[in-house]
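Structures given as structure tokens follow.
In the two assemblies presented below, subunit A is common to both, partnered first by subunit B and then by subunit C.
Take a look at the complex of A and B:
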């Protein structure tokens, strides 16, 4: 593999190739700009403490953006990721409430949570790839199904999670906050996944499903695996939500679904499939978090906050998309 | 015993028979060429062997054993590799990934063995060392490659299957001389190693350079196989033409006034095109006299559709001079050309014609709205305008309010054509207009086109069915490699001449 240093030397053509090779670069630049802006308006926002805060709040969205990415790789979409987060959240909180909050019990319950996420993902995969329903409609339908299950498990929000969960999530290991260990673990897992056959196959299917089929790839199975992987990462996102909010809420994930889609696009993925990186999606999830905190630090009156947030996300999306389009032209 | 044998294989899509009777025998260590006119069933035959199309009947035998190819996934185990004419590459993946895509080398159960993948890629890229051209490499995404380079990748991908049966469906259409030569050397090598190869090409010289035997397929039927040393290009073309040739019986009966029409000067022409170049065609020039039907012929995709779409303004990037009734026409977009009296009718109704799920009336009137800048219209008066246009084509429909999708393909196409007839256009561009419509609808359509021509409307007809072209066009421009290589008029309009011009090396 060739190294990085050619970008500046080779002029615009070199820069374009560089951008095509690393499609998450625009997201990275936006992230740096946002960090700088945060620092200008509120110097304390760049302190270790507040950065830890941002990561603990938005780790769930980072996980969920990763989940969405694997589905979008194959040209599909999953509008049920938020509902899976809710379902896993209430499932583990309810189980912990019944079984107590001991260390081993928590681990066992988290295992069950992963299984629930995986099952939801496989259901989505079967409905979309095997029954061949439109991904956008089918996963909207399953999202209602999953939300229904979550409401059946826990009709109202507010059941607290055991202390072991949120103390660990908000705590430190070897003087480093737990969430940073989690980010490191995520990076490692993503690096491993990027080297699997499944990632290459998902991208090939997203590139052109008919051609992938003609090449002899098991297209249906590959798409189902993409959804399964998505379900697992949605469950991980649910763990983060549980750790961050310390309670169960059957509707907690609903508003995260479209944020995950926005993060995936902002991170450089094409919704038509075949192009993108998980790195970009993770960075973009942090961008969405930083925009929210920036809007607060700038001192936007509360009634204007949504409007400004929306505008800022549009600007970020536009910048990213324009750069990507230029690079690919 | 034959390596691969097809016995009586057939496939139909609804009423359209893609392959009537396919019989083929491939020996190990043989290059077997398959040749036939547009739509004769070559690609269907190949896709049946490759498992991407399931035959309605007939048998496929490998090494004498009957097999069912359950899908492209199964071809690896059966030892079949196929080169797809339209390519099967993932554009955003690298050359190396594409070469190995059907069988990504595995490491530790779930990982891609990148080293093994790079080795496979290097081995196959080395086969074309020196001819692949600049910017070609294992790490380059396929979308960055030129068309000939992408075609090389598809060749490498097919070779990498290491299969005992290889199928190449027009593998050389974009290659230059040196690349094709190198490819043939590789084929000969594989042949010596005992591989059975099916080779489809439209280039007679290539077939005679590489093949051991040639099988001719005509109208979905394999009609003859000959050893290459026992035959010659003329004999092959005669076999392709078959009984049809029984003189030029399928040429239009009246040829009297037509030489006069053709020689009319460009000033009188309805449509005159000069030095017209664009994506997929170069330096096209022709003039359509009033009352003339000008045919575009030749193999699929030699630039015929592109020229028509470019004149209509639906294909950007063309340059040259277009005159409509003597005045310059700038094809800036369909709206502009429609306003000037251009009509374009595509065979791809679902993409370019029909407004799905909308009533028939709305499907007949959009051009009327556009040309008259109608804002509001009285439905009853619109019906009065639409009815004669539909009647002229003998369109069968239950009512104006029914959705257009309730009609058969032929009647849908009639609706699409009818929309151009309410306000008479100056010129009608027909882009393979009879694709997938039945015989009686075709007859109605061509009768109408002749009437319109007699009214003085200039007609350009591209048809992928040679019989249609020979029966209806007064003059035929034969396209080959994006250029007009021959003009057939009068008694020259025979199937034989058409094939000869189409199959010559460009």
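Take a look at the complex of A and C:
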């Protein structure tokens, strides 16, 4: 949020300024190293086909990391994002099952899905910012609520999504896989959002809520908007999950919540708020995907894979925190 | 987190009912109210036997929450998300070391305490020396522990609780109460004594309220914080052993269900997540409250979805009583 320093300045001071200006750089470096390692251990893993596979599997986590980022910008946290993913996933699958899978119907249902995500986000925002409950426990409580709603809509997993949904998600438009179009659209939306007043306001609130309030910002409303935006992106993540798994599952998102927090930190955001970029979070989501595939490609025995992934992620998290702090010291 | 930094003032309810909103009083009133409600919904809910069963379950949660409580009291966004992993890990370590033999209890307890304290030490080192935020550090540690559990599970069977351990947790021991309740009471007394009467306890509040000031006053802040995380790991491992005794054998990720509820119990007990004030007595009441609430919902004849919806809503309503943030003032 500082003015543009000259990146050309030599020495560690210049590097630091550069890192402050582009906090996602450590994540980018890790990403490149991981891509290289993946290529070394399994050249085929860098083929267009397998990269498409990684993107379509981890697009949901990218979306969810973006969702979490907007909340973390303001110094809040949302432990219910995974539950929102589950709720939107079962809501759209159940609606599609009832209304059929025609083109316009699908669009209408996706609209409803976005509305559900938005509503969940607003509930979180009201509970945390307006009622002033502690974000960690309050969003844990709403996550139970949202999971209950998801179970109410669909008590057991397994309802299939109409073919149109997964054919589109796994298909190609103009010879380019759909997921890459989705990534391009995401990049465009994020670029626009980064230039809006809301992003600046969220970062200002996260940097120092009291000062933001004293300089006339409607802090409560801004935080609620952050949560609302988070809900919308969680709904988008749910669309990706639905496209990828082609079915409804009332618990599908539960495991994604903590990964989204890890991705946000890995991407260079400070959990205390005020610092970070959505770019970093998106890159970090891909990093988590690449770590998982690398662990597989180096031939780790299957029972050791989770442990090695866990170790790699904790090391990456620590490295990210240390580099970011060094840059800002 | 700014939201947490703003904690402290009582909400509008606090001005109206200053005494009644003391967290411990609220929790106790709610516990009694819920017991009456449970008895009304399903006669026999508040029978001595049922209450005893609830207390055993609450003791398991309460022991995990003791460590969580200490880490949170220590402030600087202190939180331990890895407790769930430690509970699961020590349940399986204990199960294999005792393997149904009473003779294996002592080595099992020692090994589990060492395991818990070791992971607490790693958390503490990460948080203090490397200055990683506790949420991030313990989240990463949770991932490592979950991976470790997968590895351990491949190689060895889940193990069996020693008969004496199962008896300790489930059979009456003294005055009709099982040993685990007495253990919990003892932990409660030790915690209360430690927090109110010892230098160590006072230093916990000191670093939780103002780390800088505590450091200036000569408190070894880093060592304190490492000790708190080690205690958290040790308490979680004790809970893991007791959980093994409760269920007979350890099964996958038994501990995960304690991660966030242990935090909720602490908050219900009147310790805000910003740390520096509160205590363990309230947390014990918070743990009982949480367990009774869940138990009532299982008694009521509604399906899982309704249960979760009501549980989530009730948690939100209850949270309104506790540690709401201060309103912004110019």
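Basically, the second predicted complex is superposed on the first by the 320 of 329 C-alpha atoms of A that agree within 3 Å, B and C clash if a C-alpha of one lies under 4 Å from a C-alpha of the other, contacts with A are read in each partner's own complex, and residues count from 1 in each chain.
Note that contacts are C-beta pairs under 8 Å (C-beta built on N, C-alpha and C of every residue); 3 or more make two chains touch, one makes a residue touch a chain.
Predicted model only: the values in this text are computed from it and were never measured.
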Joint occupancy of subunit A by subunit B and subunit C, clash or fit: clash
First, second, both or neither for A:155, with subunit B first and subunit C second: second
Touched partner set for A:126, first subunit B, second subunit C, both or neither: neither
Touching partner for A:290 - first (subunit B), second (subunit C), both, neither: neither
Of subunit B and subunit C, the chain that contacts the larger number of subunit A residues: C
Which of subunit B and subunit C A:303 touches, first, second, both or neither: second
First, second, both or neither for A:213, with subunit B first and subunit C second: both
Subunit B versus subunit C as contact partner of A:15, first or second or both or neither: neither
Contacts of A:203 with subunit B and subunit C, given as first, second, both or neither: first
Subunit B and subunit C footprints on subunit A, overlapping residues: 208, 213-214
Partner subunit B, residues of subunit A touching it in the complex: 1-2, 20, 195-198, 200-201, 203-204, 207-208, 211-218, 274-275
Residue ranges of subunit B in contact with subunit A within the complex: 50, 52, 71-73, 75-76, 82, 84, 87-93, 97, 101-104, 106, 110-112, 114, 139, 141, 157
In the complex with subunit C, residue positions of subunit A that touch it: 74-77, 79, 127-129, 131-138, 140-152, 155, 205-206, 208-210, 213-214, 219-220, 258, 261-262, 265, 271-273, 303-311, 313-314, 317-318, 321-322, 325
Interface residues, subunit C side, partner subunit A - complex: 1-7, 11, 77, 79, 81, 126, 130-133, 135-137, 139-148, 150-151, 153-155, 260, 263-264, 267, 272-273, 303-313, 315-316, 319-320, 323-328, 330
